[in-house]
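The first chain written gets the first letter, and so on, giving A, B and C; residue counts start at 1 in each chain.
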Amino acid sequence: MVPTIFYAACAIAAAGLALLLMQSVRKFRMGASVLGLAGIAWILVIVVRSIPTPTSELGPLGAMILCAFISVASAVRVITHHRPVFCALYFVLVVVSGAAIYVLLSAEFVAFSLVIVYAGAILITYLFVLMLAQQSPADIGSADAIDYDRIAREPAGAVIAGFVLIAVLGGSIFSVGESKAESTIDQSLAVRQGWRDLSMMPKLLLEQARRTDPAVTAVVARADGQMIAVQSDHSAIVSVVRVNQTSPTDLTLAPSLLPDNTSRVGMALVTRFPVSLELAGIILLMAMLGAVVLARRQTDIADDDRRALAGMGKVLEDSPQRGNR
Amino acid sequence: MNQELASGFTIAANASIAVALAISALLFVIGLVGFLCRRNMIIMFLCTELMFQGAALAMIAFARLRMDVSGQVFVIFILTVAAAEAALALGLVVLLYRKRETLSADAWSELGES
Amino acid sequence: MIPTGSIPQAVIAPELSWIGLALLLPLLAAVGCALCCALRVKGKAAAILTIVALAASFGIILKAYSSYTGPVQVPIFQWLTFQWGTGTFQSFTANCALYIDTLTLYWMLFVTGLGTLITIYASEYMEGECGAGYSRFFFGICIFLFSMGALVMGDNLIMLYLGWEGVGLASYLLIGYDYSRPSAVAAAKKAFIMNRIGDLGLAFGIFMLWANYGTVQYSELFAAMNKGGQSSVDWDVSVIPFLLMLGAFGKSAQIPLFTWLPDAMEGPTPVSALIHAATMVTAGVYLIARMYPFFELHPQALATVAWVGGLTALLAATIGMAQYDIKRVFAYSTISQLGYMFLGLGVGTTFGACYHTLTHAFFKALLFLTAGAIMHGFAGQLDLRKLSGLRHIPGWRIVSWTMLVGCLWLSAFPYTAAFFSKDAILLQALTSVRADFRFLGWLGLFTAALTAYYTFRVWFRVCAGPTHFEPGSEEHHEPTDHHSDGGHDAKATVGAAKSHGAFHPHAPRWAINGVLLILAVGAVVVGVPAYEHVFAHKENWAQQMIAGSSAYQGAGLPGEHSAEPSENHPTVLGMDAHTGLTVVGCTASIGGILIAWYLHLHSRKSADQLRAALLRRWWIRWVPICMENKWYVDEIYHVCFRLPMWLGGQILNFGDRHFLDGVLVDGLAKIPIAVGKVFRPLYGGALQGYAVTMAGGIALVLAWVTWIWLRGFN
């Protein structure tokens, strides 16, 4: 039953978006916006209701839904606004609200790099190019914007194609996943993963051990060869050598000493994806070179000069006519 | 006990992740619709960035679901590719603009039969 | 050289490999001629090269003959040797090796000898072509002699086939020598295609021989025959002689494949003399003589050969009687004489056939060369109604008298060499135990009378009588075909010499005259063995040569003859066979000559009156008409073979154009075009059109996949 309702919600949202895109029904813009937002709200309600949420989590969930609304609404404005510069600025809004969602999903490092790279660099580039290429409305004498920005092409078809996609994907996920969904995530796996990451960072491990007990001079491998033994209460035990001691003794590290998000991302980058990292660097280099080559101004050479450069003689002006005779 | 855990290890509701996934799908589709509808080439590329956003958000959501940082690492790679793509695409747009003095994608339809 | 009742076994003699030079020299000369051709040599270098090479190979053959002791197999180099097992039928050997026995030497002696003489003749005859096609002509001659050598001297049937095709190629090249003339090109194509039909039979014959005996080498084949051959005669064995026969009929211009030879007269006359009279066309005789034991595998095989030969002889003679072109008359006489040879082979006298081949080679080459000399001197004139009394013109005496020699020999005038050779064939036929062979013998005698008539018809018309002539229309020869307008031949030449007062026939010089004289002498000399046999009662040299080879069974040695019981001694008209045949043969020959004398010298008008009288009577009218129109054989072939094939070709062409092309190829192409028309709007050329299509496609695929997935869960 859920897919049918979900499809209806998708259809309402799609209708709103299509109306917003259609130039001919511009006067119903307000109604169309309301319709689209209602559809999106309905979709979100269906999604949220499909999974029971503990009361303690309602706060973050509310923040998430707020960010979701800002994000989707800005995205719609990106594709419906008639002034490209405003589109780009709305896109900044999408990026910022997306970064907020990232933070809510505890991906702080990526959230901030997103803001820096996207909002700070890429979008600025877009703005520059827009300024470079865009005729101002005054130039063309139109009050609002030029035609190709104002009139969408085939909005109905595009919207149908897009929302068929989302209906299909969402319908299948949220109808099937319902019975198996759990309200919370078992994080013991994540904790074990975090402690293991820490064991691969000896300097940080020693630092964390000293933070627990300042007398620690070294962290040594345990009897079973592991550096860290994870306990069921998410704490961990390490073997340490203290000042004035010769034999190692155990030390319990509290869960709060787990490495933070940034450290773990960095660790994963250099230990698990080194080749991808190098390739990313190469891609950036190539993109830079390509941009340089593309952006070089090409001088127009007259035909005669081009022939001269190629070592060929000049073409007489009237030669085609002469050939006809 | 939750307060004792560092960020990234707090218990989160599956509902938040579901909402994030829904947003990612919506962003992707809105980007797609924009790409199909808008005629301005720069806006079209902006819409592809929107689609990138959707994909990246899905990555983050699943990284959260799996409690694995690989998803976040891949978002970094997506950022890299998006930056490279933006550089090249904008270079191309500038080049095309120089040829036709317009940003309309309709100006470039010589491949069509009519 | 005494026959032992079986084919003599060859010994391997690698030390005799110098005989291979007889093959190598013409090949080298061919390369030299090709170089002359490429370098556009203006002089006669090619002719000199060819003459030297051919004379040298004649000398080599002579030396090989003088040092001959018995059949030898001379390996030269390994050519084709495959082995895929150890059994009889699991290997294939066809090396470049020579099989030298008396038959080989016999053939090679006159092939190389006549080749040399005719090349000398051609060096003068073709001099008008110097710098143009001169070197090309001699290149063809060299290729021909190399191929003929491979055909005759080869140690196996594959080499024979190589030579067989090589002479066919040379014949094609030389008939079409003047390739700018459409008739020459058509004649060359006709000769080539008709020969291919025969060659198909030969090829299948060779396949069947290998399939039954596991070898294509003569020595092993003969060894198998000595052991009794194939005891059980199945169809696949008995079909061998008929297949080989087909090849022989094609190459030797017998019924049904004879129509190419008269057309082959389009080639230069030395070519007609060498290839289409003296040597190449005897390859069929050689093949049957060489493979003679295999022709006894089926009881009717030799009878077929005899009947085909006898009928061809008669048919060609009747056509020859009504032709006006000298070269064509001689061409039909060649077919007729080849018919005699096949008759001889068929009735069982390989000696008679081979001896007739030898004598025929000389007198027919002589006749063709005289015809060539006349053509050369009279600007291509070959119509016997437009030439007369040549023997009175100064400078033409040698031609006239040597032509007389040739005509006498061809008409088997008593006590000429050809008389004896023809006698041997007819004697064997007339004394045969089979009634049909005796009938063929009488048919042969009748044909001999016809031969004498049409031969002397030419001589009396051209060389005797009052002198007047009409030169040909062209500087180079163009044989005329006048069989349809024979009504005005009486008045045609009156005053022709006066009207062409400016024309002076240029008489032949030393090379042509010399060669003609040598050939005339040679024609006499080839009779010597027969004279020795008849007057000195010595063994006939030719008979010895044939008896010492694989054709021994039909050689008919006198020793065997005398061993026959006297009460069974056959008779002809109540007389002893030899005497009776001499009498009848003389009567036929001299009678034919006398009729020709009356009709064509004494009172030339009466010939036309006779023709008119025949045409007036409806019941006999068809005879002259059919004879003048060559019995409509070409037309019958046209209707029976060319027309159905043409129709079939048209039908296939129609099917190809409308079904294969129209329905299958174009129709299949229309399917993607139609599909493309349906989907074309999706790819309108605008960028987003493509993106819409892509997105829609993805959506469709995903919807489908999801639908299946959901259905699986519920």
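By our rule, a residue touches a chain if its C-beta (ideal position, glycine included) is under 8 Å from a C-beta of that chain, and two chains touch if they have at least 3 such contacts.
Owing to the predicted nature of the structure, the values given are computational and were not obtained by experimental measurement.
J.: Which chain would you call central, comparing Cα centres to the global Cα centre?
T.: Central by C-alpha mean position: chain C.
J.: So which has more C-beta pairs touching, A-C or A-B?
T.: The comparison resolves to A-B.
J.: Report the inter-centroid distance (CA atoms only) between chain B and chain C in whole Å.
T.: 89
J.: From the C-alpha centre of chain A to that of chain B, how far is it in Å?
T.: Chain centroid spacing, chain A to chain B, equals 6 Å.
J.: Taking each chain's centre as its mean C-alpha position, how far apart are chain A and chain C in Å?
T.: Their C-alpha centroids are separated by 93 Å.
J.: Where in chain B do residues touch two or more other chains at once?
T.: Chain B, residues with two or more chain partners: 32, 36-37, 39, 105-106.
J.: Which residue numbers or ranges of chain C touch two or more of the other chains?
T.: Those would be 686, 688, 692, 695.
J.: Can you pull out the residues of chain A that are in contact with at least two other chains?
T.: If we look for residues of chain A contacting two or more partner chains, we find 153-154, 157-158, 161-162, 165, 169.
J.: In their shared complex, at which residues does chain A touch chain C?
T.: 3, 153-154, 157-158, 161-162, 164-165, 168-169, 171-172, 175-176
J.: Which of the residues in chain C end up touching chain B in this complex?
T.: Checking each residue of chain C against chain B gives 680, 683-689, 691-692, 695.
J.: Mind listing the chain C positions that touch chain A in their complex?
T.: 686, 688, 692, 695-696, 698-700, 702-703, 706, 709-710, 713
J.: Could you list, by residue number, the parts of chain B that touch chain A in their complex?
T.: By the definition above, chain B touches chain A via 1, 4-23, 25-27, 29-34, 36-40, 42-43, 45-47, 49-50, 53, 56-57, 60-61, 63-65, 67-70, 72-73, 75-77, 79-88, 90-95, 97-98, 102-106.
J.: Along chain A, where are the residues that touch chain B in the complex?
T.: It is residues 17, 21, 40, 43-44, 47-48, 50-54, 57, 60-61, 64-65, 68, 71-72, 75-76, 78-79, 84, 87-88, 91, 94-95, 98, 101-102, 104-110, 113-114, 117-118, 121-122, 125-126, 129-130, 132-134, 148-149, 151-155, 157-159, 161-163, 165-166, 169-170, 173-174, 181-185, 187, 189-191, 193-194, 233-234, 254-261, 264-265, 267-269, 272-273, 276, 280, 283-284, 286-288, 290-291, 294-295, 298 of chain A that touch chain B.
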